[in-house]
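In C-alpha cells below, several structures.
Both complexes shown next keep chain A, but they swap its partner, so chain B is in the first and chain C is in the second.
Now for the complex of A and B:
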C-alpha cells in the first residue's frame, strides 16, 4: 500500500461528501445571497430518511434514494418558506437566525425520534476493492461516494447552464428585481433552487450513513465544511464548490497524515481564516461569476 | 390604573406566587435528590442508562416506605455532555431545587467542571459514570460508584504486556476521559517495560479515522490500544478492517455499550477491553430481572451504577443523613454496601476501592469475559 496514494484517496472520499454539500450550498446562496444554516441539518435528515426507508421499511435502495431526494426537496421547500421568505426584505442577520433556529429544531426532533445512537446503513466491514494503481484500498461505498459527487456536479452544471430554469436562476442571482421585470417568477426560482440544493444535501447525508453512520448531531460539522469549501474558491460558484470540497478533504487528510492527527479538524478553521483574511472573494475570485 | 386592571394584576401576581410555591424545593412529605446527567447530546447514553436504573431504584425505595415515611423524588437536569451544560444544570438544581445530593455527572469533563461547585455549595456529588483519574482530587464532596481510570489504565497495561505485546501504538480522543486514560496507560505501560511506538488523536464525534489508522500502522506496531468511546470506536474498528488492518485492538469500558457492536458489526469480533466488573450477586440478578421486565433489554453497567447511586443515597438518608455535610460524612463511614454493581466502600478521595475491572472481549456479537 502506497501511503501517499492512500491518504489522497481517503481525502478524495471525504472531500467528495464536502463537495456534494458545498454544491447544494452554492446553489441556495447563489440565488438568495443568504447563508442557509439549515443545510447541515438537511444533510442529517437525508441520512435518517435513508436509514428509515431501508432498515425500518426494508425498501430497495433505489426507491430509498428517490425517497431521500423527495424528503430533501420537501424540507428545502419548507425551510425557504419558513426561514427565508418572511425575511426577504430584512437584513441578512434575520435569515441567519431563523435558519439556525430551524437547524436546531430539526436536530432536536431527530434526536427525540431516532434517539442519540449512531445509525449505520451498512454495519460491519464493507467490501474492499484494491485499486490496481499503487495498491490503494477503497470500499464499494466509497467508490459510490466519489461517483455521486461527480454526477451531482455534472447534473447541476447541466441544469444551470442548459435549462431555462438554470438561466432564470442565473438572472435572479444577478439581479432579482431586473429578472422579475422580464417576467421571471423570482420566488418560484428561489423555491426551486432551495429544493434542489436541499435534495442534494440529503443525498450527501444518505451516503454518509452508508459509509460512516449518521447521528443527529453531525449537521453543524457538515455545514461548516460546506461553507469552508465554498469560501476557498469564491462563495456561490459551482465548479468552485466541487474543487473546494475535494481540496478541503485532501488537505484535512494530508495534515492528519503528515503533520499531526491533532490538527485535522483545526486545519479547516485555519484554511477558512486564511482565505477570508487574504482572499475574501476566494482564491480564484469565482464569486462574481455566479454559478459558472 | 382602573379597578379592572388592578384586579388583573392581583390575579396574575397570585397565580405567579402559586406557580412558584408549587415548584419550590421539597415539601414536607417529599425529599428531593438532584440528578445532573447528559440526557441528550453525543454522550446521551451516559445519562439515559443511569436514568433507567434510577427509575427502578426510585420505585423500590418508595414502595418500601420512602425515606422514613417521606416520598423520595428525583429532579433531573440535562448536562448535554458538556462542561458548560453541567455547570448550568448544577446551578439550576442548586438554586431552584436545593437538593443535599446530586447524582452525576456523566462524562468526566462534566464532573470535573462541577466538582468545585459541589464543594462550595456543600452538595454531595455522586457520579455513576465519570471515571477520569483526576476526579479523585476534586475535594471532599465528590464521590463516584465507578472505579477510577487509574486502576483501569494499570490493568490494561498489565494485560497488553501479558498478551506478549511489548510495543504498541495508541489512539485517543481529545476528551478528559480519553486523555486521562491515555496518560495513565502510557506512564504505567512504560514503567512496566513497554514501548509506545506512536500516539494518534482524534476529536469526539469524529467520523473518519482512516488517516490516523494509516499513521499508526506506519510504525508497524504489533497491537493498537484505542481509548475511544463507543461510537468513535465502532467507526474506527470498521474502517481499520476495511483498510485491511488486522492488528489486535485493546480498548476501554465504553466498548461494552451496544452502539459499539452495532456500528462495527463483525469488525468488533475479538477486540479486547476492560470494563468495571458486572457483579453477579443476588442484588445484581434481581436488578437485571426488573430491568428486563421494564425495558425489554438487558441493562448495561451504567444502568446498574445509576441504580446503586440512588439506593446508596436512600440508605444513608434512612439513617438520618439529610444535609450535604451529613451525607458526605455518612458516605465516608459507609462500609460494604451491596448493590447491583457489587460492594461499595469509598476511600478518602471518594473513590470506590472495592470494585475490580475485568477483561472482556466480543464473540459472535456478544460481550463475553475474555478467556486466554
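Now for the complex of A and C:
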C-alpha cells in the first residue's frame, strides 16, 4: 500500500513536469493547428540555460528560472519566425520538416557545445532533505518541482483566461480569419502564443534538470511526452493537457516500478499509439474546446 | 579497407533506405517515415539469423526483406485513421518501441550490447577485394531499386498511389481500395528499406539498438526530404550530401565528436533552405489533384 502511494507520488512529481510541457504544447498547437517539433528541443535548451545560470554563474534558483523563461520566449519567437511563418499557407509537410530541422539544429548545437554527458543539478536551496507527507516521502527538490509547476500552470491559466492577449489567442485558435475581421492581429498573437509556449517548455526543461538530469538528446522524448499528454484527452485543451501530463507521469512510474524500468520511455509511445488508433480525438474528445 | 569506398557503400545503403521511403510516399509525403522500421527489421533479421544462428547471409537477408514487408504492412495500419503531424509522430513512436524491444529482449537480440561478428555477404581473398565486391553488390541493389521505383510509378498501381495521397476521399469514391493501396505502398517501401538494413548489418558486422533510434529514423527521413521526393537521383544526391558532410568537416580538421553533431546542424540548415526553395515549386504540383477533383466534382 505504502509502495503504491510512493510510486503515485513520484509519478505526480514527474507528471507535473510533463503537464506544464504539455500545456505549452497545447497553446502553440491550439493557435496554429501544427505540431511544433522544436518543442522538445526548447525544453532541453531550458535545462541547459538553467544549468549554466545556476552552476556556472551561481545565481539563485528563482533568478535562474526567470532567465530560463526569457531564454525560452526568445527561442519560441525565433522558431516561429523561421519554421512556421513562411509556411502558413502551404501543405503541412513544410512546417513539419522545417520545425524538425530547427529541432535538429538546436539539439546538435547543444551537443557540439556541451558534449554528450548528462548534467543534473541539485539547486542550492534543496539538499535532498526528506519530508514525510501522509506516509510517503518527498524530497525538497520534488517539492520545488511541484510548486514551480503549479505556479507556471496557474500563471498560464491567468494569462489565457483573464487577459486580452489570452482571449485573442482563443479567438485565433477558433477561427483565425474571423478573428482578423474583428481587428485581431493574428500573426502577432501566434507569435506571442509561441513565446509563452516555449518559455513554459524551457521551465519544464529546467525542472527536468533538477530531477533526472538533462542531456542534449532528450528533446525527442520530451516532445513525445508533451504530445501524448495532449492526445490522451484531446489536443489543444489546457485542462486536458494538464490531466494528461499527470496521468502520463503516473503511468510511466507504475510501469517502471511494476513491469520494468527499461520500458519506462516506451510506455509513452504505446499509450500514444493506442489512443491515436482507438480514439484519435482523445478519450473525452476535448479537441474542439479551444483551450477551455 | 578503403575509406572512400566505405563512404560510398554507406551512401548506397542509406540510398536504399531513402528510396524505400520514396516508394511508400508520393509528392504529398504523407506516408514518409512509416517504412523506417524496416531498417531495424532487415538488420536484426540478418544479425540474428546469420550472426547468431549461422544461416547463410544471403538467405537471412531474403528473410529480412520478407520480414520488412510484413512489419511495413503492420505499421502501415497507422495510416488508416491518421495523417500529417499525427501520423509522423505515431510512426516515430513505433521506432522508439522497436528500439526499446531491441534493447530489452536480450535473449533474442543481444540487448544493449547488440550482435557482433555478423558474417559478410561475400568473402573475397583480401579485405579490399571483399569491400569492392560488396560495393558492387550495393550498387546493383540501388540500381535495381531505381528501376523498380520507375516501373512502379508508371504502373497502374503507381498512379492510384498518387491519387490516394493527393486526395484519399475522392479516390475512394472512384472505387479504389484506399487502405489496401496505402498498406501495400508502405510494405513495398519497407521491404526495400529492410534490404538496406540487411546490407548495413552484413557490412558493418556489428549492430546495436542505437542505430535504430528515433533520431536515426528522423535522420533517414531528413536525408530523403533533403534530396527531394521528385526524382530518384535527387534522393540519392540528398543522401550523398548528408553522408559526405562530416568528411568535409574532417578535412577542415574538426574533431570527430564535434563533427558528428555539426553534420546534423548543417543538414538542418540545408533542410530549411530546401523547404524555402521548394515552397515555390510545390505550388505547381497539384495537376493530378485538379483532374481528380474534376472527376468527382469538387473544387479544384
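Quick notes
Methods note: the second predicted complex is superposed on the first by the 274 of 292 C-alpha atoms of A that agree within 3 Å, B and C clash if a C-alpha of one lies under 4 Å from a C-alpha of the other, contacts with A are read in each partner's own complex, and residues count from 1 in each chain.
As a working rule, contacts are C-beta pairs under 8 Å (C-beta built on N, C-alpha and C of every residue); 3 or more make two chains touch, one makes a residue touch a chain.
The shown structure was predicted, so the numbers you read here are calculated from the model rather than taken from an experiment.
Of the two partner chains, chain B is the only one that A:218 touches; chain C does not reach it. Comparing chain B with chain C, the partner in contact with more residues of chain A is C. In the superposed model, A:120 lies in contact with chain B only, and not with chain C. In the superposition on chain A, contact of A:144 is made with neither chain B nor chain C.
Of the two partner chains placed around the shared chain by superposition, chain B is the only one that A:6 touches, whereas chain C remains out of contact.
Judged by the touch definition given at the top, the superposed model places A:257 against chain B, while chain C stays out of reach. In the superposed model, A:14 makes contact with chain B only, not with chain C. In the superposition on chain A, contact of A:97 is made with chain C only, not with chain B. By the touch criterion defined above, A:265 lies against chain B and chain C together after alignment on the C-alpha atoms of chain A.
Of the two partner chains placed around the shared chain by superposition, chain B is the only one that A:208 touches, whereas chain C remains out of contact.
Shared contact residues of chain A with chain B and chain C: 108, 111, 115-116, 217, 221, 260, 262, 265.
Contacts from chain B toward chain A in the complex involve residues 40-42, 44-45, 48, 174, 200-203, 205-208, 210-212, 214-215, 218, 231, 234-235, 238, 241-244, 259, 262-267.
Remark: chain A residues 34-35, 82-83, 86-87, 90-94, 96-98, 100-105, 107-109, 111-112, 115-116, 216-217, 220-221, 224, 227, 260, 262-263, 265-266, 268-270, 272-273, 276-277, 280 touch chain C in the complex. For chain C in complex with chain A, the touching residues are 28-30, 32, 77-78, 80-82, 84-86, 88-90, 92-94, 96-97, 100-101, 103-104, 214-215, 218, 221-222, 225, 257-258, 261-265, 267-269, 271-272, 275-276, 278-279, 282-283.
Interface residues of chain A, counted against chain B in their complex, comprise 1, 3, 6-7, 10-11, 14, 108, 111, 115-118, 120, 123-126, 128, 137, 139, 208, 212-213, 215, 217-218, 221, 253, 256-257, 260-262, 264-265.
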